[in-house]
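Handing you a structure now.
Lettered A, B, C and D in written order, each chain numbered from 1.
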Amino acid sequence: MREMTFTNAAREGLTEEMARDPSIFVVGEGIGARGGNFNTTTGLYELYGPERLRDTPISERGFTGLCTGAAMTGARPVVDFMFLDFLLDGMGELINQTAKIQYMSDGRVPMPIVFRGSIGIVGASATHHSGNYYPIFTHLPGFRVVVPTTPRDAKGLLKTAIRSDDPVFFLEHKALLNSKGPVPEEEYLIPFGQAEIRLAGSDATVVAIAAMVNRTLEACAELAGEGIAVEVIDPRTLAPLDIDTILESVHKTGRLLIVDEDFAPSGIGAEIAAQVMALAFNDLDAPIARLNGVHTPTPYSPSLEAAVIPNTKRIVEAIRDLLAE
Amino acid sequence: MESTTTHALSDNPGELGTLPDKQVLLALYRTMVVIRRTEEQLAKAYLSGLIHGACHTYIGEEAVATGVCAHLRIDDAIFSTHRGHGHALAKGVTPRELMAELFGRVTGCSHGRGGSMHLFAPEVGLMGTSGIVGPSMLMAAGAGYSFKLLKTDRVGVAFFGDGAVNNGAFHEGINMASIWDLPVIFVCENNMYATEVPFASATRNTDVAARGAIYGLPGIAVDGNDVLAVWHAAAEAVRRARAGEGPTLLECRTYRTRSHSEGMRDAGYRTREEVDEWRTRDPITTFRRHVLADGHVITDELARIDAEVEELATDALAFAQNSPWPDPATAADHIFSAK
Amino acid sequence: MREMTFTNAAREGLTEEMARDPSIFVVGEGIGARGGNFNTTTGLYELYGPERLRDTPISERGFTGLCTGAAMTGARPVVDFMFLDFLLDGMGELINQTAKIQYMSDGRVPMPIVFRGSIGIVGASATHHSGNYYPIFTHLPGFRVVVPTTPRDAKGLLKTAIRSDDPVFFLEHKALLNSKGPVPEEEYLIPFGQAEIRLAGSDATVVAIAAMVNRTLEACAELAGEGIAVEVIDPRTLAPLDIDTILESVHKTGRLLIVDEDFAPSGIGAEIAAQVMALAFNDLDAPIARLNGVHTPTPYSPSLEAAVIPNTKRIVEAIRDLLAE
Amino acid sequence: MESTTTHALSDNPGELGTLPDKQVLLALYRTMVVIRRTEEQLAKAYLSGLIHGACHTYIGEEAVATGVCAHLRIDDAIFSTHRGHGHALAKGVTPRELMAELFGRVTGCSHGRGGSMHLFAPEVGLMGTSGIVGPSMLMAAGAGYSFKLLKTDRVGVAFFGDGAVNNGAFHEGINMASIWDLPVIFVCENNMYATEVPFASATRNTDVAARGAIYGLPGIAVDGNDVLAVWHAAAEAVRRARAGEGPTLLECRTYRTRSHSEGMRDAGYRTREEVDEWRTRDPITTFRRHVLADGHVITDELARIDAEVEELATDALAFAQNSPWPDPATAADHIFSAK
């Protein structure tokens, strides 16, 4: 199968959808002629012009609300935040309008809107360009939350996101953007709510989020040398969350670790742990463990940055600790 | 700095341009009376405990929604505020649906999920009132974006108060609508107060229409108690929008004669005299006087409307009271689309 | 001891602090001459005038940012949001500035600021006036989160909040505002991070949040009649969280339920469950249970509203279920 | 609508009013050169991979920070942007501390925690640069609030780009500062582009100073490449603020001659000719030419400064490179106060 980068695969998905449906438009800063800070829209402006690739003023709240109104009235906006951190000014619109209109209208007003943006810590991006935020959007009712980790998933999930009539967060970890992988030539979509088992194993289950999937696979490769077989699950969407795949795995392994670069408190790992505990208490041979980024604003200096992100070494240790329980 | 004022603030609506024909005059009258009578019922119902949440009446401001919505089609989209009963009724929600909604019944326009501040009736283009101040200006711009992208001649309308003028949503929404020539009408209902805060203490420049120049769109100030002034100004704004000429900022200077919300104390921040003075400029009685004096319509025609609307409001009350409650089992339905 | 309402006790705390320290000022809508929508500042305008009781335009983002700057430069702002829902427009300022300045400046710039506002569902407040949001502020580093439940705690914790050099959320559940209780005459402060055992018991532990404390005590009174002795813990502050008091209780009871009106996913109950599971796995005789408000925007109609809030009956059932495990 | 322009956009700074005395002229020159030389080192260091995150230079815009900060005391507070090196240096951060910060070293002004976009030096009144566009305008208003409440004559200053003008923070921050008469100076660095987006495509009215009228505060436009024009206008703005006369909006029209950020492509959105034209108006060379031509200072004096600053920049580089990294064990310190 042909290989593509994560970014190029996602862009191919966007291009296909825009060709298919003229009601789709993209807004954001630098997503017009410039093609996006992360090349999310390279080449599309030439195809579809300024009305469908709309460069905006620095009015994040404004275009979040504007696109919410557009989604209610026949268009299908894709809001490209470049860095997801920038959407925080639009939280009022998101939480009180975007997420609630379908409910308040009792299902009579659709909300087909995609919010995309880069997340995560990489290369001294520092604290204003490195947030993850996804637990917030899983906590509040009304959002779909997608965290793809492979080029194939990026494309297939973005197409599903664009076709959804619900507000979807499509979150692209900066550490993954240039990673390569196989992407089918023929059209495909990937449904929400289906986790993927990235590595099969029977000694322990690790649920890893976003960029942590690759870090975890590296850790497991190291442990495999010692005969330790870990099962690695990539949930792919956090809302809906495919808890069944996780439960099945825990039923087999009896041990669960959640690895997440994002903060632990009231995070997605806490949610997974609480659900597994409630639904598979008797399967557990050890307490569920969490390995998270340190609960601190992100420091700039490489020496500090390295100290706050879970790395392969820390994942190996966390798995060993889990097995030792 | 001067506002681009096409219609002077005038006590004499007849002078504002060609009068619309008689059917339109009667329709304007009827809409204002529908709003007034329905809200009078609501105010009473509030006292009897039939309304469960907040209830902000539009009494005194009926000319604004009436004059603007008279130009709108069912497929045009309006976005409203916490004070949205008038917009809903003017856009085509029935008194039954409105009252049932405030009573929390399944027959309400939002099926009981919203109440006064969350009215939805997409069937007639009411795309929501809002308990949060600000969003209407952004969402209406978004409707304009859709309508332009989809190559229709539909328009988006935002209603908002003077209180929303100092909010960032005003700045960002109007700017984007202007630079992208979106078919949007921004209708500021400047009633001089945000709750008890005078507009003049929230900004040093209370001339909202004048702000049009900053954003590069026409800013028009009209007497918001004069339904014909609003009607004329809105006609041009809607024409511009449909013709692809871009958005308009329409400042309607008006006044609410009841308290900010039902059950709320209404003292200390404005004088009795001020309220009384504005009562003499009541949009319904002045309009009535004017169209009668000029012989455009006759008393009988207005009386017929009065009686019909009285009936409508009474019927709405009975309908709302007799309507069933929503089924608790549906409390979490439709958070997501069925798709 | 004299009895006072929650609101009056909190206001007494605010009044005492403002008398003590002239650098404290309050901003918000209607908090001047009007005395606040919820009487949070009644009478204070007459004492301290417009500069220290500042009525604002409807510029929530603006005054969140403004007060952040004021807190950095010598003043001690109390930002009164009336309904906490209104602060969402200021999330960008809060998350990227208020919460991070102490860290970014390496401890050289203080951030003595209090954000207060009413939370929770009561009396058809509907979906724009009923949010809780506290898990979000526990998730993100840099905030203190206080959810007092008694008049005494409201006063003592508000005073601590105002004296803190950190950003503090002081969240007042609308169902508690008019509740009465004893409040000492003499000055006192209540430190952050100390849970209170509201009812001692040995059969099960319930951690209840905000208005759910009273609902839970009602439920436990009912169960006490059947000889079931439940221990009820009111954490009082969610960040810092007094996990030790919870652990001690669970050590004794072996069973834990968290009752929270707010949404379950990635919520505070998930966090408590995950921590207890990690730290007291062997103490647990049953899976930790959560009882939450339904994961939906808040409906208006009384018939629907009642269906989404945990009530005494549901709490009784949840405790019975927990004991039956 | 006209801006309240006290200083015309002029090529001839000598005509702008009384010249400051020679020591001031030399100080202005020195500050501009410090910024220029330090940033030239930074740009080189970026290429060598010594800078870990983003690096937005201020080259071409030095006159703005220099002219404004010349009037500020150490206890005045400035709030800056993603393009904040110039503000930091003009307010008193040393080239050593700046460079070490971008190199991620513990000797940096933020002790390595911030990098280019998160510079903090409260000791000299630099209350932060920001990776997020917008907040400076609100936070400076807040400093003004503090300073007024605490009955000091300190002032707060916000620097921000043209890109921030369409952001809600501009609208809300300036409005509040105006209605409350806060001692704040809002300094818009209008360099005509936000990244590659021309200001003229982000708003229909690019006259930022003219917006003062909307908010009821003086709006002053000056040639931002003319340090004396900035100096004169800022003098009055700071005087007003200290005297309790309220805030000023100061629009400085300038240009960045390097790419938006180091390592970024700089093509497609502006012409070579445009950049070259602005290079001929370089703030340092024009100022130099002017003060020499008029005989206010002599070449020797400037040369002495040039040499001294050259040395400073070289020293800063060595200092930064030889400085230790922050201790990883401190990565989560100071999230909360010690209290």
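FYI, a residue touches a chain if its C-beta (ideal position, glycine included) is under 8 Å from a C-beta of that chain, and two chains touch if they have at least 3 such contacts.
Model, not experiment: these values are computed from the prediction.
**Q** What's the chain with its C-alpha centre farthest out from chain C?
**A** D
**Q** Could you tell me which pair, B-C or A-B, is linked by more C-beta pairs in contact?
**A** A-B
**Q** Rounded to a whole Å, what is the gap between the Cα centroids of chain A and chain C?
**A** 30
**Q** Please tell me the distance, in whole Å, between the geometric centres of chain B and chain D computed from their C-alpha atoms.
**A** Comparing mean C-alpha positions, chain D is 45 Å from chain B.
**Q** For chain A versus chain B, what separation do you get between their C-alpha means, in angstrom?
**A** The mean C-alpha positions of chain A and chain B differ by 41 Å.
**Q** Where the CA atoms of chain B average out and where those of chain C average out, how many Å apart are those spots?
**A** 37
**Q** What parts of chain D, by residue number, touch at least two of the other chains?
**A** Answer for chain D, listing residues that touch two or more other chains: 110, 113-114, 118, 130-132, 134, 166-169, 171-172, 175, 179, 201-203, 335.
**Q** Which chain C residues sit where two or more other chains touch them?
**A** Those would be 56-57, 59-62, 85, 89, 92, 96, 103-104, 127-128, 141-142, 295-297, 299.
**Q** For the complex, give me every residue of chain A touching chain C.
**A** 60-61, 85, 88-89, 91-92, 95-96, 99-100, 103-104, 127-128, 131, 135-136, 138-142, 239, 263-271, 273-274, 277-279, 281, 284, 286-290, 295-297
**Q** Touching residues of chain D toward chain C in the complex: what are they?
**A** Going by the criterion above, the answer is residues 77, 79, 110-111, 113-114, 118, 120, 122-123, 127-128, 130-132, 134-135, 137-143, 145-150, 154, 156, 168-169, 171-173, 175-176, 179-180, 333-339.
**Q** In their shared complex, at which residues does chain C touch chain D?
**A** That would be residues 23, 25, 51-52, 54, 56-57, 59, 61-75, 77, 92-93, 96-97, 101-111, 141-142, 144, 164-166 of chain C.
**Q** Along chain B, where are the residues that touch chain D in the complex?
**A** Residues of chain B touching chain D: 1, 166-172, 175, 178-179, 201-205, 210-211, 213-217.
**Q** In the complex, go through chain A and note every residue touching chain D.
**A** So the residues of chain A touching chain D come out as 29-30, 33-34, 55-62, 85-86, 89, 123-129, 294-297, 299-304, 306-308.
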